[in-house]
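Presented sequentially are two complexes of subunit A, the first with subunit B as partner and the second with subunit C.
Right, the complex of A and B next:
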């Protein structure tokens, strides 16, 4: 009986998730261009990706992006969540919360399109704003470092609201008495946050950081629309390489191998989360 | 947030007290909300200044996009930029419909997104109900398996899914986008949590009256689960309306493009020294998302953060 209830979900997942995972892992050991029959290739695909400079650069870019984007995203989100928490008129709090949440509803593609114009070297509003305070025009999208910065900034702009919401939930769960007790003990300002807020929200910080890392590891839309991976390979990401290897170079085995490695990285991050949550996170 | 198995819309639950009963108001966790305002508080003023700056940085680009799309095309690159749409000029919007088949893009996006949302609501409700209330062998293991699929990124399965779609003869059809997106681990999890928050006694009472499990689900629990289903539906809408990666791979001909793809190709058509047409397209694509944001803001917010505290 129960199986009738489960059928749509389980059959769908079997066909479109579980079978593809197994197929992907198997395919990673084959050479295949769709046109001819797949040939067993052993570990060749993995060896090839390890020596392929494009793949290595893309993984390096992705890791650097993850570090920068996640630190920025969590920092901005936590800072703003703390600022919004206390003694603000209610209508202002609602306004700011909606404003920070807003970019989450937009598509990364359309955000990247208008951001591309905002960061234009000659006509862009960003350089115009910098110009008004005397900073010369920055070649944002035409230099490797500038492009990498824009991709990270645009990504964080769109996604910090998610971490912000998580932190907001955690902060509102801290009982006010804890702060009163801390003030009685002489803690003020910064020390209050260091010794009360941070430990009390550590479970959320862990969840927020792991979710941010997993999402950032899969970044594709922003660099694809903003820069197509360039200039050079400066904004090419792991997922972009999977896309290009499979659907432009028709090396489906190698693309699967890259995908499997990415999946292993994501699983390792999740496993690490469970480890860390046992050791470092302070539960009330 | 640290406790497990709370019913779904639990996230900022204390915020609910605002519009709630006076009894709950007494338990408001923000005693400072009712305190008299002090004469002048520099730290509060500084704080609000930072928040205003952050809000300006967040909303500014969107406001600029809207405003520039309403400028006469020849002025679209003029500096200083426009932030307020004075003297709106709608010619770019008319131009969008000439340059791309906007009606078709919207129709495709609406069809794909709508059917995915309905399919997810239907399948997640059934599966969530089974995991919450029905007894069967291997329930725990199966539920863990469902949850585990949440960890698998779409890029890892995209090559085999692409093959599968080809094998089913669905290449370059809208169904290729819809079918694989219907089974939803997160939606199933959300609905299970929601059903667990409903009293189990109702099922017992209905069973005593001789109702079948399907009948109990359809007549008793499904109506009660509507708020949970709304979360699943709105989340599905928000995600798939904006989706880019799968449509980029699974559709080939322009007649099957969804909005985000159409916009990127609209951008390719431009070489006219004006960006207002592209931006008009961007604004048009945002309207449905904006409506969902305004109508279902809390639902969307609760849905996004649900499960984060598990």
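Right, the complex of A and C next:
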């Protein structure tokens, strides 16, 4: 009977997760253009991938993006959560909770199209606002640094709400007596956060960072719509290269090989996080 | 049981069983939805036709579909509009449909994808054209051979041009007049063009942009390369195609120069004239006369141009309807030929770039004869007048590019659109080999860097373009 109840989940996982993973891994050892029969290629796809400068740059960009986006996302989320938890009345907390979570429910593609208009060098609102205080127009989307900044900003703006909610939940679960005890011991302001808040929310920080890193490693929508990976390859990401290799260059085997490597990177980073967490995460 | 049944008497097992039965029933009931078999036209033998556009574009085709059905009541037709930013995305979507085992029978394909389809996906039209030559003669007599040649691939024809657009130069007449400029001469040069931009720059505030261009395969850097007698890919011609040229264009003055189609097999980004052209554009950006080009189809351009914030931009006849809807009157804007290069081998030819589009029959089409009947009907004057009733593009039939089409909308010199082919016979299609997507990516990703920095950055971007193109062309499509 138990198997019967588990069946929908098992079938769902099998059909929509395990089969595609196994198929991708197998496909990585074949040459396939959809239109003709796959041909066994051994490790050729991996070798080709390793020598493709675009793939190397894309992985480098992705890792750099992860560092910047995750630090910003968690930093902003935690900072705002602490501010809102400490200083605001309940009704305002509810308002900000909704306001910060709202971008997450929007389509990333729609948000990116909107942001593209906002950050247009000649006609965008952002440069118009900067112009009102005498700052000359910034080429946001047409220079490597500017476009990388915009992609990171848009991504963080859209995604920090989830981490924010996690942190807010963790903060509200900290007993008030703990802070009172810390106050009696002479702790104030920053020291309370450093020695009480951060250790007590460290399990949440671990969950938030694992999820943030996994998501950031798979970033696609924002750079694809905002910059198409340019200028040059400056905002091209690993998933974007997978998409282009598969559906534009018709190299499904090589795209699968890139996907397999990305999956291994994600698994390795996640495993490393859990391993390191033993040193930094404090469970009550 | 009956009235005495209470909630307590329903065991957990019964409740769960009922829930399971309910889920099973719901699944069975919604099976057509889950499997997509309830989509109108699917699996009912309809001829499925994919076009780039919105549901409104599909609806606009309905008049033509109705007229076709009156002629061929035995052929059901289903037009499926696929939304995409540009043709590259549209082709990706078609490929996913192929991968999913649900390809359309007929696809509206632009020059960008013509060779990809010809090489991998499309069925040649040769046998049908030979069979129906007497009917088709009237169509070819009305369509410029350059458009047809763009759809030739290694001696076979894969599509009939339905509409097309050349990269001509639009300008805002009020901005021109306020800047002391009059209509450009037909043979104006790139230096005249630059002087015009400088005049607009002087007469307008800094928020105004004299020249706006987008970074894409059509209307980006390529028309400038063509004007300078070069391109980023070496252009060759395939042999063959005589069966078509002799039959339909035997008396055309350009007959001797027609081929079995274009071939782009070698990168050419290291050509000094490519450097010269990019350097010219780099100068425009550096001096604030033109923007650093962004990627995309330039959707915001119509509004910006209509509000007088842009002086000039390259575009085809497809822009007229949009400008009219944005509030521009017939005299508020005009169009001229693209400038020629002032000197050098390309100067006399004043070569323009064009793109065209038409239906391709998929190799996998269930009923190719029915698909051909649709294409043959679509190429008729009757069908094209139904589909191209407003100037949202330039019809492939010369006779349809007339006063009536542009009446009340402009521009005054609408004749420029078709004259681009008639007056400049060297005018050529968008360079798009079967590896178009990789080639386009290589071009686009290097253009911004090439025109945005110093001379060293330009050299480095062109070197990168050359090596990216080598890699792209080495791959099979």
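To be clear about the criterion, the second predicted complex is superposed on the first by the 271 of 284 C-alpha atoms of A that agree within 3 Å, B and C clash if a C-alpha of one lies under 4 Å from a C-alpha of the other, contacts with A are read in each partner's own complex, and residues count from 1 in each chain.
The working rule: a contact is a pair of C-beta atoms (placed from the backbone, for glycine too) under 8 Å apart; a residue touches a chain by one contact, two chains touch by 3 or more.
Keep in mind that this is a model prediction, so the values were computed, not measured.
Trainee: Aligned on subunit A, subunit B and subunit C: do they clash or fit?
Mentor: clash
Trainee: Going by the contact rule set out at the top, does A:228 touch subunit B (first), subunit C (second), both, or neither?
Mentor: In the superposition, A:228 touches subunit C alone.
Trainee: Mind working out whether A:143 is in touch with subunit B, subunit C, both or neither, as first, second, both or neither?
Mentor: Once the two structures are laid over each other on A, A:143 reaches subunit C alone.
Trainee: Under the stated touch criterion, which partner chain does A:249 make contact with: subunit B (first), subunit C (second), both, or neither?
Mentor: second
Trainee: Under the stated touch criterion, which partner chain does A:208 make contact with: subunit B (first), subunit C (second), both, or neither?
Mentor: Once the two structures are laid over each other on A, A:208 reaches subunit B alone.
Trainee: Subunit B or subunit C: which reaches more residues on subunit A?
Mentor: So, of the two partners, B touches more residues of subunit A.
Trainee: Would you check which partner chain A:117 touches, where first means subunit B only, second means subunit C only, and both and neither mean what they say?
Mentor: Touch status of A:117: both partners.
Trainee: For A:46 in the superposed arrangement: first (subunit B), second (subunit C), both or neither?
Mentor: It touches nothing on subunit B or subunit C.
Trainee: Now for A:179: first (subunit B), second (subunit C), both, or neither, which partner does it touch?
Mentor: Neither: A:179 stays clear of subunit B and subunit C.
Trainee: Touching A:35, do we find subunit B (first), subunit C (second), both, or neither?
Mentor: So A:35 only meets subunit C here.
Trainee: With both structures aligned on chain A, tell me which stretch of subunit B collides with subunit C: 206-214, 224-232 or 296-304.
Mentor: 206-214
Trainee: Name the residues of subunit A shared by its contacts with subunit B and its contacts with subunit C.
Mentor: Residues 4-5, 34, 117, 123, 247, which sit in both footprints.
Trainee: Could you please specify the touching residues of subunit B with respect to subunit A in the complex?
Mentor: 1-2, 11-12, 14-15, 18, 29-33, 35, 41, 44, 47-48, 50-51, 54-55, 57-59, 61-62, 64-65, 77, 79-81, 119, 122-124, 126-127, 129-130, 134-136, 139, 142, 146, 149, 151-164, 179-180, 182-185, 188, 213-214, 217, 238, 241-245, 248-249, 259-261, 263-264, 267, 275, 278-279, 282, 285-286, 289-290, 292-293, 297, 300-301, 304-305, 308-309
Trainee: Considering the complex alone, what residue numbers of subunit A touch subunit C?
Mentor: Where subunit A meets subunit C, its residues are 4-5, 33-35, 52, 54, 116-117, 120-123, 139, 141-144, 227-233, 236, 244, 247-251.
Trainee: In the complex of these two chains, what residues of subunit A are touching subunit B?
Mentor: Of all residues in subunit A, those touching subunit B are 1-13, 15-21, 23-24, 27, 34, 76, 80, 83-84, 86-88, 90, 92, 95-96, 98-110, 113-115, 117-118, 123, 125, 128, 157, 161-162, 165-166, 168-170, 172-173, 175-176, 203-204, 207-208, 211, 214, 217-218, 220-221, 224-225, 239, 242-243, 246-247, 252, 255-256, 259-260, 262-263, 266-267, 270, 283-284.
Trainee: Which of the residues in subunit C end up touching subunit A in this complex?
Mentor: 16, 20, 88, 91-92, 95-96, 98-99, 120-121, 207, 209, 212, 215, 291-296, 300, 304, 309, 435, 437-438, 441, 444-446, 448-449, 452, 461, 464, 468, 471-472, 475-477
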